[in-house]
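Same chain, two partners: chain A is paired with chain B first, then with chain C.
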Partner chain A sequence: MILTREFKLIDGNDRKLQARKMRENLTSYNMDNYIEPSFPKTARYRSLFNAYYITECFKEQTKVAYVGEVFPNELLFAFGFISLNFESISTLFSQSEAIDMCLRLTEENYLPRDLCSSVRAAYGAALANCLPRPDMIIINNHLCDGLSKLGFQFSKIYDTVYSTFNVPLQETDESVAYLAEQFQHVLQEIEQATGMAYDDARFRQVIALSNEAKDYFLKTIDIAKKVHIPGLQRELYEIMAVNCWGMKEMVKICRTLYDETQEKLAAGETAPRMKRMLWVGLAPDQSHEMVQYLEHKIELVYWTTYWEGNLMLLDSGQTLETMARRSISYLWNSVRMREQTAYVCDENEIDCIILVNTWGCRNMMGLGQAVREMALLKKIKFLSVDVDIRDKNNYSFSQVKNRIDAFLEIL
Partner chain B sequence: MITVGIDIGSLSTKSAVLKDKQEVLAYDVIYTGGNNRQSAQTTFRNVLDKAGLTEDQVDVVVTTGYGRENVPFSNKNFSEITCHAKGMYFLNPEIRTILDIGGQDSKAIQLDDDGNVLNFLMNDKCAAGCGRFLDIIARALNVQLEEMGEISLASTSAARISSMCSVFAETEVVSLVAVGTPAPDIVKGVHDSIATRSIALLKSVGIREPLGMSGGVAKNIGIINSLQEKLKMKVHVTDYPQVTGAIGAAYLG
Partner chain C sequence: MTQLFDSVYDLHRSRLELLPQLDRPKLGFSSIYMPEELLYAAGIAPFRLTGETRTVSSEASSILSNNFCSYILSCFSEGLDEVYSFADGHVFLDTCDMRKRLYEVWQKHVGGQFYHLLELPKDTKPASFSYYRFQLKRLLGDLEEHYGVTIDEEALRGAIRLCNESRRLLRTASRMRNEGILPIQSMQLLELVKAGSAGMKEEFNRRLSAALREYEGVEAPASPNGCKVLISGSYFDNPSILEVIERTGARIVCEDLSTGFNYFAGEINEDAEDPLSAIADYYLGKAVSARMIDADRRAAHIRDLVEEHEIDAVLYVSLKFCDTNLMDYPYIRHSLAQQGIPVLFIESEQHMTNIQSIRTRIQTFFETRIS
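For the complex of A and B:
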């Protein structure tokens, strides 16, 4: 038994204990496939920042919120919160042998195996009691119902405040206003939960930092679109995965990447143009066998990096509205998917697309069809593979490799 | 010029010898077993014996199939998709869509006018719909795998096999036997179920006629009939369905 009948953790809800358990479980971190970073300064700042972030989460006085992917973290940073999202927790564990333990715990605790492994891995990590106790959980109930239920379950386990908001699928003036209003409400809930007052000056500062970091990021993206600098697409993706827009460290990371890219350009450290493959869907860490195999043969461009919802700057006059627009445009709907993927393909001169289906992900609904249709129209070669980057029971590299080989031969 | 193609599949290893990329001199099929290097070596020797050739007379060896990278004497290797496409193009250049049902996977491949692959889809996750499925059912019914096509021709009313999983389908077949369903009706039901799965794969990739079938399962007349009935189109089978991939590999040599 891990939970009591009231869904409380049997061995206690204490950050010191949770930090110890995290250390114990992550000792088996997989370094076999370690890759020398192509942008050493950026990679170093990024790793240091990640380490600092995780360490801070376990301190008693730190305010921690668990959020879904589309929540504007800037709102939390303005209150001095640290935010963790469920997908990142799952990704962190998937780089370690501890992932098997997390998934096993969920099965032993009656979670069905056909749920996506993002949800299962994060839930398993909570069951192992190695996550920092959250002070708040803020999650959207649409489009991913799995995540919103996971958030609710977490709120029971950790006996904490649960705040939810609804992200409309379509972007209209009404839907933007509706979501902005909900963000306003979330701000009030944060105030109530923490006893802290909203500080507008601090908020403006966070927005300025978010935009400053994005600005460097966008300038680097412009270079990446035009030239092939080995490792750049991956580094852009890694930064996107950090997802701490609004923190000052993010500005430093993005500026460093921009500077390093400029240095490489000046030194002529570009590589001949390879065929470009757009990776659509959830991507694993760089040590994953599939990423390593592909990166030797092709230039991988990650769709997440170029997704409009990830690149929007915030309008300081209408901040909540632009945040709402950003959150709505982040959601995968088939029409948006087709249009945006087409745009990314044109901008990056994409030669082929690999659609990576995640086992059990309801969000993939409509996605495959939409991207495939677009690829057919544009005469871009398209491959769809089923990959589970967390649950090894749902994926076999030899099968996927077989398809990839055949696909590369027809390019 | 003598080229040899070796196709190392999950169940069987096939080889073929081509002369000047124009004539099939010999072919060979053996069980893969647990050592695919060994089976590649064995079929290589067998096929050369059948063709009356020695190793020295071989210019190029090309391997394909799951074990393609594991053969020390291979000069190059290609995926089964490319090899099946080329093999079919060599055997019947008219074909524009291929359905290949092998031991443990099935593929639908669309070709252009030069035998190049335009698009493909594979089912390699589930044995239902593949040769292995027929194997399991033959054992459950206590009939020979090779006889299943003929047996199904005597069916008057195909049984409905609802399960999509070969393990559960076996249970279903055992239940049908227990209630006295005639074997031909069960076998026909199994063929229909494989045909239904294959058609879904074909339709996803898009069917351009003429449609050809390769792989060992193409030798089963019952499957061909089920496919033709459901698709309402002719399914072309070449003289060497099981060795299409090996012939394609030799052709690429």
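For the complex of A and C:
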């Protein structure tokens, strides 16, 4: 079914309709694998925040921007925007049966199926008109070619203004200055798109909130590295994936997690140390069969939580410059991959690594060698599996499970 | 007369024998956005990797992934097989994710003395032009240091003139082909382009201008019939597909490809005050490939070509797994539909010799459009 006219989504402006369609399509949400949260207060705040966030997105007066997963959202929050990222949209839909419909729609609308299913799923959700109409789209080269092209495609089907910036590969003084200048330009483009004037005091407030939340996050990370508290690594990963640094709710979530962690420590609610496995690659939601299976047998540590950019505080004197350094750090290459996974392994005393190659993710597949080499050097056991957490056609759990079982036996 | 053209093709066909004989350093590159001018100005022979001499090896696929485009895997297979052992090294560009990964594995597994990764921004904002110029300056600095040479403005201007001359000659060849004056078809035009990027530009210019001179004054035949075709997409040089199209009676008149028009489009301003800025302006300015974020520029570029060549149909070719071209397809298809131009989409592999599965689609599509 063709869902666009003149390459514009039919009824793509109607947030009420979009909210209804999202509700209808997500009715098949997979609750079978519901997991009792280990950090109930944090999980509750996080869920409430997510629900509030999604509800706000569909309100007519809310300003919504679509961005990539590691976009410096502080730039948008300073203007009162809510941001949605393409990868989270894919994750949300892949937890429900609606994912198959999303993927089918992309093919019917000429998007070839040899593309990664994360990109296809987000495009399919838009084609199904389940997403709130954006007021702006900000596109850059994170994390991959597919995502930057997807941003452009979104701007067309929603007939929305977009702003672009280009993250340089190398971190040098010149590249940082170049990116900081582009951020300045993005701020001006947001001003133009919204008619709102940039308010420096508001921006500083957002940066202070971002750092405050990050501070709690880092303190909790320090504990997670040293002791095994069941569910903590996952909770840290979930919070990192929310990527709303700069919103006051994020401070609350991070502070709550820190407090709950301290309470558990005080109550001696730590568990004996299990073998630690580093998960490298796109991670699915916690109800996914692979995560469920592994978490019963091993402590999973997610590499992205510990990625340098996620551990950085912003310098309030040189905000755009530190933001630029943070953004550059997110551009994957083999040196960064080797160094940063080595850092996580050392800090967390990792026993083994699982490299999860998402079908169609050329980046991860091309960089896998770097992780393998690092593992070899450190004598850490390494397993690489090919999966597709969105498109069932590209993956079979039973095959992956056999490989995981054999691997765990060696351990 | 065709012998003269054979001598041009020979620069490509025999490049692996000719290049080692050149008394100057050789550097490979894989993207046409690599400013050859800088390397010629440094006294280096820059040659393009074509991935033609090897099919995808299992070693290449296991190091990268068999989920990579076949052009990258074939080039890497060539590198692993030491096809380019005569070269000092390579200059890579970050034109797509797979090329970035190729740069990394090449350094590690193929070896060489000189490596450089040149960044080409994905947008064309003023800050990106300045940054790209800065990138070119870095490359110049690295070349000067490694080879102990000084690359002055005069050398750059000379190299600009040399490369512009190749562009003019290729444009003339393409025009004369379309007018029916030159007895060459699409595959030969692609071969001319390959010869032009084989690291021997002075010789290429000499041979091609001699070949074209032979056809000066030849009357253009009455304009031939046949559906006029434009090809757009990823790296493409598949003779079997071109043959199937041409056998239907369709005429390929524009190759909007890195192996075609996009290589020789436009010129660098030879009189610019700052030659390096002129080079930056040219390369980033002409970057209309799928790797750029703004597909509107690409769509407008294709629409202009369609109008200029009075195109009847477009073949959109993407190598399997070429994310940027696959992503662009729905939008480009729509843009051409607005112009009333039908599009045939083909996903292929670089060394696909058995094209049975797509032959009928191609034949049906073009035969129904033959007037």
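Heads up, the rule we're going with is that the second predicted complex is superposed on the first by the 400 of 411 C-alpha atoms of A that agree within 3 Å, B and C clash if a C-alpha of one lies under 4 Å from a C-alpha of the other, contacts with A are read in each partner's own complex, and residues count from 1 in each chain.
Note that a contact is a pair of C-beta atoms (placed from the backbone, for glycine too) under 8 Å apart; a residue touches a chain by one contact, two chains touch by 3 or more.
Nothing here was measured: the structure is a model prediction, and the numbers come from that model.
A.B. asks: Where does A:G366 make contact in the superposed view: on chain B (first), on chain C (second), on both, or on neither?
C.D. replies: Second partner only, chain C.
A.B. asks: Who touches more of chain A, chain B or chain C?
C.D. replies: The larger set of chain A residues in touch belongs to C.
A.B. asks: Where does A:T305 make contact in the superposed view: on chain B (first), on chain C (second), on both, or on neither?
C.D. replies: After superposition on chain A, A:T305 lies in contact with neither partner.
A.B. asks: If you stack the two complexes on chain A, which partner ends up touching A:N402: first (chain B), second (chain C), both, or neither?
C.D. replies: A:N402 sits against chain B, while chain C stays out of touch.
A.B. asks: With the two complexes superposed on chain A, say which partner A:S334 touches: chain B (first), chain C (second), both, or neither.
C.D. replies: Only chain C; A:S334 stays clear of chain B.
A.B. asks: Please indicate which partner A:K149 is in contact with in the superposed arrangement: first for chain B, second for chain C, both, or neither.
C.D. replies: Once the two structures are laid over each other on A, A:K149 reaches chain C alone.
A.B. asks: Report for A:Q286: first if it touches chain B alone, second if chain C alone, otherwise both or neither.
C.D. replies: The answer is neither, since A:Q286 touches no partner chain.
A.B. asks: Taking the touch rule as given, give the residues of chain C at its contact with chain A in the complex, in rising order.
C.D. replies: The touching residues are 63-65, 67-68, 94, 96-98, 100-101, 104-105, 117, 119, 121-123, 125, 127-128, 130-131, 134, 290-291, 293-295, 318, 320-321, 323-324, 326-331, 333-334, 338, 345, 347.
A.B. asks: What part of chain B is in contact with chain A in the complex they form?
C.D. replies: Where chain B meets chain A, its residues are 66, 78-82, 116-122, 124-125.
A.B. asks: Which residues, counting only chain A, touch chain B once they are in their complex?
C.D. replies: 382, 384, 386, 398-399, 402-403, 405-406, 409-410
A.B. asks: Along chain A, where are the residues that touch chain C in the complex?
C.D. replies: 4, 6-7, 109-112, 114-116, 119, 139-141, 144-146, 148-153, 156, 164-166, 168-170, 174-175, 178, 181-182, 185, 333-334, 357, 359-360, 362-363, 365-370
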